[in-house]
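Quick one: the structure is below, questions incoming.
Note that the chains are named A, B and C in the order they appear, and that numbering of residues resets to 1 at the start of each chain.
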Amino acid sequence: MPGEIERRLAELGVTLPAAAAPAANYVSYVEAAGLVYVSGQVSMANGELVKGKLGDTMELAEGAAAARLCAIALLSQVKAAAGGDLDRLKRVVKLTAFVNSTPDFGDQPAVVNGASDFLVEALGDKGRHARSAVSAASLPFGVAVEIEGIFELA
Amino acid sequence: MPGEIERRLAELGVTLPAAAAPAANYVSYVEAAGLVYVSGQVSMANGELVKGKLGDTMELAEGAAAARLCAIALLSQVKAAAGGDLDRLKRVVKLTAFVNSTPDFGDQPAVVNGASDFLVEALGDKGRHARSAVSAASLPFGVAVEIEGIFELA
Amino acid sequence: MPGEIERRLAELGVTLPAAAAPAANYVSYVEAAGLVYVSGQVSMANGELVKGKLGDTMELAEGAAAARLCAIALLSQVKAAAGGDLDRLKRVVKLTAFVNSTPDFGDQPAVVNGASDFLVEALGDKGRHARSAVSAASLPFGVAVEIEGIFELA
């Protein structure tokens, strides 16, 4: 039976995808010293990478949607870290968000709000997090956004 | 009455600005598992963003001054996290510093020293931190520097 | 007498260099709240910086070798943090890897696998870590890779 948070996600029309397995000698999350460190999650929808470069091939709204996908992928990993019970999530502590953009793009915060707004919409106050929003010169496979996160479980 | 650290800041001619409130669904800091995670602080002086691109529109000394402003903003947030008593700061643990630069700029360390030198000048040994200094392709609103930090409170 | 991990490193042909001292007002690592935060380590071999830009002046295999050098440098710092006994390393928790690349480069994961593969080869399961792999617009002195890490000691 889905818990409270997953019922709220369903209201938002969001079903968590299976937590993606990393393709190499790293893992999707590590729990240490009371926190869960989740690997950078790239923008992906229905198993397809969402690619683009803000300021060039991708509009702001699309970038925000890509950031939201990263946040959904982060929650999938947190659910796995919590043994399947997402209600054990106590707090989203910190996001570091990398936006694939041109050198003159300046709307990183609006892009990353796609992730931040979703987390607060889905999780309420426990979704409020510290964050950084910066541009990367480029990202894996040309994806539009990559976000890593630190989470606290109860 | 200002505490010891704020008296030292005053000697250095630094008055902490009011901690900036984030403009979105994130918060300026989260305390978790014994540490304070402070959101990326952008270079800003007297409420005005300090913009520039190192290697192009901004000189090294200006970049270092911008990094120092980020460090001051970080301390403002730490003071808020400490309930107004900055003397509760036990240690600056880690800074991640993003410099807005051209692709061939290589003086990130000298820029970020503007923050590191200030923190040690203001805080002594408790200001010595681990850090990374890298270039971002671009930063929010074209600011010159963005620095996030992890802090330990007593 | 070298411990178990350093004997394994010797089998791999790796001798840890002396932990590099930072050239400024920051330190190579800080231990706080049960974890060791290691400053970004740049690619360096025998005291010489390994410079290059992926997608332009450096091939993928060279980039992976540069990432491996960063991982070796991180272990040198962890050894120093552990008072010289690397066997106290309990877990590599998290790496954030910055690749110096052109704006259209997309093979950051393959570059950073040079570090991830080495850590698992050298440390087994305790070397499996969460990670992010992104491109930086540029890196200090033009180095090819910079990696920071969070480690847990026993």
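Operating definition for what follows: contacts are C-beta pairs under 8 Å (C-beta built on N, C-alpha and C of every residue); 3 or more make two chains touch, one makes a residue touch a chain.
Treat the numbers as computed from the prediction; the structure is a model and nothing was measured.
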Cα superposition of chain A on its sequence copy chain C - rotation in ° rounded to nearest 5: 120
Same or different residue numbers at the chain B/chain C copy interface, by half rule: different
Whole-Å separation of chain centres (CA-atom averages), chain B against chain C: 25
Chain A residues counted as touching two or more neighbouring chains: 33-34, 96, 102-103, 135-138
Residue ranges of chain A touching chain C (in the complex, touch as defined): 23-30, 32-34, 37-40, 53, 96, 98, 102-103, 135-142, 146, 148
Chain C-facing residues of chain B, complex: 33-35, 55, 91, 93-96, 101-109, 113, 116-117, 119-120, 127-138, 150, 152
